[in-house]
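Note that the chains take the letters A, B, C, D and E in the order they are written out, and that residue 1 is the start of every chain.
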Amino acid sequence: MNTLNNYWLRRVLSSLLVIAVVLSLNFFLFRLMPGDPTGSLLDPRFSPEAKQELLKSYGLDKPLSQQFFMYVKQMLTFRFGISFMSQRPVWQELAERLPNTLLLLFPALLLSAVLGTLLGVAAAKGRGRLTEKAVLLSGAISFSFPSFFVQLVLLLLLAHAFPIFPLRGSLSVPPPTGFWNLVVDRAWHMALPIASLVLLGFGSWALYVRNLMVKVLGEDFILLARAKGLRENEVLWGHAFRTALPPIVTIFFLSLPGVISGAVITETVFSLHGIGKFLLDSVLGHDYPAAGAAFYLMSLVTVICNLLADVVYTFVDPRISFRRLR
Amino acid sequence: MSFWRLDTLFLAFLSLLALLTPLLGPVNEAVAPPFCKPLWLDHESGKPLSLNAKDNSLSFTWESKPPKTFSVKGTVTFEDVPKSASLLLAGPSKTYKLVDLAGYRNFDVDIDSRDVLLKLFLGLSPFVDVSSVIFSERGTYSLFIASDVKAHLDLNLNIYTGKWGIFGTDQRGRDVFRLTLAGIRISLLVGIFATLIASTLGMGLGLFAGYLGGLADSSIMRGVDVLLAIPTLPILVVISGVWGRGLWQIVFVLSIFSWMGTARVVRSLTLSLREAPYVEGLRALGAPTGYILARHFIPEAMPLLLAQMALGVPGAILAEAGLSFLGLSDPLMPSWGRMLHEAQVFGAFTGGAWWLIFPPGLGIASICLAFISVGRRFEEMADPRLREMAER
Amino acid sequence: MTEEVASVESLTLTFDKIDAPALADVSFCLNEGESLALVGESGSGKTSLLRLLLGLLRPTRGKVRLFGQPLDDVDGEELRRIRRKCSYIPQDPFGGLPPTLSPLQAVVEPLIVTRPNLKYEGTNKAKELLSDLGIEEALWNRKLVQGFSGGQRQRIMLARALITDPKLLLADEPTSMQDVSTRMDLINLLKVYLKNGMSMIFVTHDLLLAKAMTLRGIVLYRGRMCETGPTHLLLRDPLHPYTKALVSALPKLGKPIEVKVKRRPLPVGFKGCPYLALCPYGFDRCKDLPPMKQLSDARSVACFMGDTSQGT
Amino acid sequence: MMRISSLSATYPNGFNAVKKADLKLSSGEILALVGESGSGKSTLIYASLGLLPKGSSVSGKVFFDDIEFFALPKEGQRKIRWKKVSLVLQGTMSSFTPVLTIKRQFLEAMEEHLSLTPGEAMAKAVELLEEVGLEGNFLARYPHEMSGGQKQRCAIAMALCCDPDYLLADEPTTALDVITQAEIMNLLKGIAKRRNMGILMVTHDLALASSTADEICVMYQGCTIETERSDIIIKSPKQPHTIALVRSLSMMEE
Amino acid sequence: APLDELRRPSIDELYFLIIRDNDAQLLALEGGQIDLLGDIARFSDIKRLSDDERVKLFLAEGYHAFFLGLNLRRSPWDRAELRQSLWEAVNRRQIVRDVFGGYALPLFSFLPPASPYTLVASTSDFNMKAARERLRQKGWRWSKRGVLICPGEDKPLPKMKLLTPTAQVAPTTAEIAERICESMRSLGIPIETEPMDFSMMVARLDRRDFDAYVIAWELSRDPDSLYAFYHSSMDVPGGYNISGIRKPDLDEALESLKYAANEAEARLAAEKVQTLLYEYIPQVPIYSRYHIAALQNEWQCAIASLYMTPDNTYSLLSLRHENKKAFYWCLAEEPRNLNPLSASSAYEWQVLSVIYESLLAVDPFTLEDVPWLAESWRLDTVSEGGKEKTRITFKIREGVKWQDGSPFGASNVKATIEFLKKSAIPRYFDSVKDVERVEAADNTLTITFSGKSYWYLHQIGGLPMLSAGVLSSLKDWRRLPEEDIIGTGPFSFSKYKPGEYVKLDKNELYWRK
């Protein structure tokens, strides 16, 4: 018990270290990047004095060390300051975008994981049969197309040629009144982006789960489970899938932070107001406070996800021990 | 089970093409007007014409549907400064004044049916297609000068049907077919190398972390955490700013930022595998760690790894497309990802220019499919459980 | 002078979640050329003892020495060097073999690991061993995942252990799934090795087999040693009530087994003789832990019974 | 009565492990199946419950009472398993799902086949565990936290949990010490008599077989060559292979 | 004039729908989700829309100008003849046709074609032969590989880079950069593109660390860009004289342009400057894009001219629809910052310009000044303390109300100007820095400037008017609460749903009836 506690203690401490490293990396990387925030405000009528004025008003004329301390303080107190570009509190910017991104990515990730898993299990179950071939093929196809290709085609087809879904955004303009109408409207708007992400994403899950399952299904304990007269579903899910679960869970948690930054293209194509595009814009625009905060949050999410992956792993795999082998 | 199946043959064929593509010569040069359709697309439009008017006029017949564009280029020299002079194009029933030459002794003519100024000069809306107006009829057309002084002209009339080659041309007038061929090499190189490096790294570090445990584990995994947690985007921007955007930089960047997932997955596999009795038996034998990892863990992890690799190659090819999307790839390097991206940016999707989209799009997809299929066969070779009907 | 091959001293092992120790206060010493039988109740810590001996587990308390080296101090290459002199046969033939290898590969493997230069001869030797152990040639190249019977697997594991000519063999019920005649073959084979100076710790439930294979035996009960001595004596003249029960429970051809066990409830956290629960005798003194008593050179027993005979 | 008639089993690789085997197991009796290693005993058991790997071919008939097993639809076969016949696998060490607790693995079988409340099921599981000499708290353990013998006993307890009419046990006591083994054998015998359960037990221990089983069946290279009352077969084995078996055992005893 | 007939808008609700993706914009227009789409750049879109019955397309010359910039501080660009040859070596027409399908103007001037001050070049068009010939005559040679060798040197020109934004940010610019490089190479200049992140490129330019670059500007009606681009005082780090041209005669001409006392003087000076520029060619003009906008056909009475497509405030005042009262206008970027004091992007101003108004406006047909919040004005040059100063007197329109109901008057203008000057707000820094004094009496406003320049009129006349009440309660000019977005314009701010839309409502208090 003691060793376990120790392990988690060290694990949390080292996560903090990771955050610290990432924080400083973030800061210096941005300043390392050639260019400055006034670049995006270029206007021929600005005189050099006006430009200097601009830098000063952003506090960018101070020495780097001083800027660094300010930055660390901001990050640690979660008061991210004012965005250069929008002149609004960065918090506000993040807060208004986060729900959109989460509403897009969580269902998409979850659905593609669930769909992929279902298909993967079905393929493993129908080993050598048509189901397996179909799953393998569809999985491979799902994986093989560039995302904007698929998304644009979907948009053209289902929002333009056959206008079943809306073309853009996460809400009708003007938005409907009444809570339930809003919910329905939101769902209707998110359906196509989510569906496209699921289409693009389920393949890798299916292929992966199928491999794991095929292996597990060859083990002796599956034989016993069958001999126990358990329902085929129980054998498949309760035993085989349950045993294959640990790596699946790890992948799930690990893919969480990755998809956030990968959302840029989806957000652009479907005109969604989300974090992905915000990240890209603030980096390109040298919006230090905004980019810094966004990346800080992303790092936090990543670190937490990693930690969660480890925690959940120990839960789902009782065999695990972190002792050092000799 | 034979190794030479359709997928392998396909990949071998592609690799051969990739080796041969340098023979194509420069692919980045314009060969025809932009956005030409493939030649085989519609048979109704006539043949392109290229005529030279040496004397006063030029006659030709146009017997098919209107061409895509036409242009008149060259010089007109008058023996004296004309008071009234114009270049005319006469159709079967109507004559169009293309340009007013009055007041110039030498005139460089450069007219294109796309020019807005020409449309306005003809009294048309700037949004009509001049060539479809002028060539709306079939019959004899003539190009001539009407002036009060004698003129010498050296004019070239070119009529383009907007068709070229097997896959048409892109926005710069490059031959899409040749670009597609050249793209194979880049896509294959990037895909294969980036994945190889990333999976080797991920595999090695994941194995060591998982198997050794303790300090090795935590330090490697913290490294992974840092890499996972640093936003890749600014790093990509910085790297491309500092080192440039060549092929190998892309490979490097892609591999450096994609091995962590593999490492973690391999590590968790290792963690559960290392408790297996037979591994314990091997340790009891005093087997070197390297041996255990190489002989048992790698084969155990291989299916997983090959699956990841099979998915990784397509992933890298697609990521390269993504990097092109962010402008972080060499514009002179015609990869498929880049072609797709350019097509998208220049409106090929809404413009219905599917001949620009499908060659690279289906190319990527077919390469990816082939890789996945080959990867699966490798998996089966490495692990009999995936191959045989071992299931009860 | 015979050299000490392995020794343990007041070895104790407790697992994280479980109160009762898996091993408590076990000490013994094994000399070169000697073979030792470990018998005992199921769950009494035999497997754990073997794993401790190899340093695969770390003891909660106590010392393990292999070839004179205390295992606590060594690590890495040093540890592996020591381990290479040993062979270990895990108890589970179904999990104990690498699934993706063929029998031939699996048998050659230890040689590759310990003495890579012998690879070529290794294959021949492996073939020899496999055919000695009665694995047909047709099976040599089939992958293990593809189905082998339990007995076949056990024999492959044995071949795997023997191919390196170990100085010390730690065998965990290596013949439990063999039929009688194959078992005889295995015993004969092992005896050849023993004659050539191999030491062995042999975990078994088959007392007859223990007698046939080893000169000395240790009887374990609930993680504690209750009796040690020459195996033939243990079988002929058991002293500890548990050993007695074991011997009497031996199935004999044609005779029905008669075991009458009456369990006596013991209070939670009972610190005395662990066998009290089953002991047909049972004294008040047994509420204390009986110490290991040296009776003669080779024999000791942990029971107060000897004392009672002296009139308490 | 369970009856296997001319059962043949061929593995996907073409190996014919069981050849026209015949077997009869009466309720309330114990039948020991002996034979050299690799003779197809385990295969016979798997085959009779339709548990061979996909791609294997099985011919012949298996009757449980009057039910012909292979004639049943999948669902029917499933219902018979464990409820009517249960199984102890040979490799009990790796026959537990590694990530589930023993409790879960116990309960699911009972949930599937018996209509017990969870409380009753737990009580039954504890009772069975105690009968095989394990404490009730073993239910909370994971398979890897138990010794080989403990797992084996667990497997036996689990096989008994649905009160099956037939028990097919593949070397159920190999990892047990003789006392526990004797206890278990007594237990099984008792249950066989009391509940009129038929037990087919694969073993290598002729002595054990002769002392517990009513009948002994000898298998050789996939065929059942001899079936006889146990006392008779020990005294006067007929088939040469049986003779050799008995002889080697007596040799051991010396 | 049509401007006089403008009334209160018939549109009740004005939505700016935020759609960033080009394809999505097009589809939204076709699907009827937006009524007006401005700034259509891809000719495939134009072609597609021109076939569409439901929309009407408009085309206007704009203030867009695209230049190939050179670093005159470095060899070989310090040679005028090379730059002159470059002028002829770039085939602008071909670029315009291929990249824009004809929907752009080849640019032969240093001011945007729509600017009233533009002097059209007499310099010749694409002529590679002439370009080479000029160089040969000046002593240039070509190496065996066809690379140029400077007169007096024996080594061919070194490899150079042309800075360009990435294809991601500016696909057409990147494309054109490739083509320009090709032209330059065929002249014998060894150059390749170096695409980079836009702000990184600006930093390189600011540091003067470049050989050549391409850049697009959105210029203005006034020729003030000339001074910023070509005067030697602007050749400081971060200044806009990026090419680094320093010519005394040019400086002199530019100064007389900047400090011209009236329009006539300005016109003359501008002509002089451009003549000089045609000789020096500090940068090579390439093209100017037409503004192209699409409007749903059902909307009538759009105000559009040769200079303006209907995406302007005048149109919004006059647009009529049979039964619709809500108008949807596409916004191609997020208007991150709806604060007239710090907003900088064109997209932000797309919204703000219908909320805020200024003293003067520009006639869309003639590009002349027209009275707006000021009814009339007068520009004088006065002598004060021995210095020539400009004094502008505005007569402020009466009856104008702020959107919150309070009256607008000269004192509000004074407050605005003084606030801008006091706060040194970068965007308005240059416009108000010369203001010496502002006096407001009744509806007359007198502003005295420390210098003499005709352009003060436009600088002051273009300032957005801010309510004195809002200004007095403002703590930090960078942060303007949403409820303080109050102007005098035809529409008032109602709601901003980030990422989705900005909604404006008709201003019932608008001063037009």
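Keep in mind that, in the parts below, a contact is a pair of C-beta atoms (placed from the backbone, for glycine too) under 8 Å apart; a residue touches a chain by one contact, two chains touch by 3 or more.
Going by UniProt, the chains are C = Oligopeptide/dipeptide ABC transporter, ATP-binding protein.
Please read all numbers here as calculations on a predicted model, not as lab measurements.
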Check: Which chains are in contact with both chain B and chain E?
Finding: A
Next item on the list: Would you pick out the chains that touch chain B and also touch chain D?
Entry: A, C
Item checked: Chain pair with the higher count of C-beta pairs in contact (A-E, B-C) -> A-E
Next item on the list: Please list the single chain whose C-alpha centre lies closest to the global protein C-alpha centre.
Entry: A
Item checked: Mean-CA-position distance for chain C and chain A (Å) -> 53
Next item on the list: Indicate the whole-number Å distance between the mean C-alpha point of chain D and the mean C-alpha point of chain E.
Entry: 90
Notebook entry, point to check: Distance-wise, how many Å sit between the C-alpha centres of chain C and chain D, to the nearest whole number?
Noted result: 27
Next item on the list: Send over the residues of chain E in touch with two or more other chains.
Entry: 23, 27, 169, 197, 200
Note to self: Two or more other chains touching the same residue: where does that happen in chain B?
What the structure shows: 237, 241, 275, 277, 283, 325-326, 341, 344, 349-350, 383, 385, 388-392
Margin query: Quick check: what residues of chain D touch more than one other chain, meaning two or more?
Written below: 46, 51, 53-54, 91, 93-95, 144
Margin query: Could you list, by residue number, the parts of chain D that touch chain A in their complex?
Written below: 46, 49, 51, 54, 74, 78-83, 86-87, 89, 91, 94-100, 108-109, 112-113, 142, 144
Check: Across the complex, what residues on chain E touch chain A?
Finding: 13, 15, 17-21, 23-24, 27-28, 30-31, 33, 169, 197-204, 206, 217, 219-220, 224-225, 228-229, 234, 236-240, 326, 328, 334, 336-337, 339, 342, 344, 424, 426-427, 429-431, 478-479, 497-501, 503
Check: Of all residues in chain B, which touch chain E in the complex?
Finding: 28, 30, 33-35, 108, 110, 112, 114-117, 126-129, 171-173, 237, 241, 245, 324-328, 331-332, 341-342, 344-351, 353
Next item on the list: Quick one: which bits of chain D touch chain C in the complex? Just the residue numbers, please.
Entry: 11, 13, 34-38, 42-43, 53, 90-91, 93-95, 145-150, 152-153, 171, 174-183, 185-186, 204-208, 210-212, 231, 234-235, 244-246, 248-253
Item checked: chain B residues touching chain A - in the complex, by the definition given at the top -> 211-215, 217-218, 222, 224-226, 228-235, 237-238, 241, 260-261, 264-265, 268-269, 271-272, 274-275, 283, 303-304, 307, 311, 314, 318, 321-322, 325-326, 337, 340-341, 344, 349-350, 357, 361, 364-366, 368-369, 372-373, 376, 379, 383, 385-386, 389-392
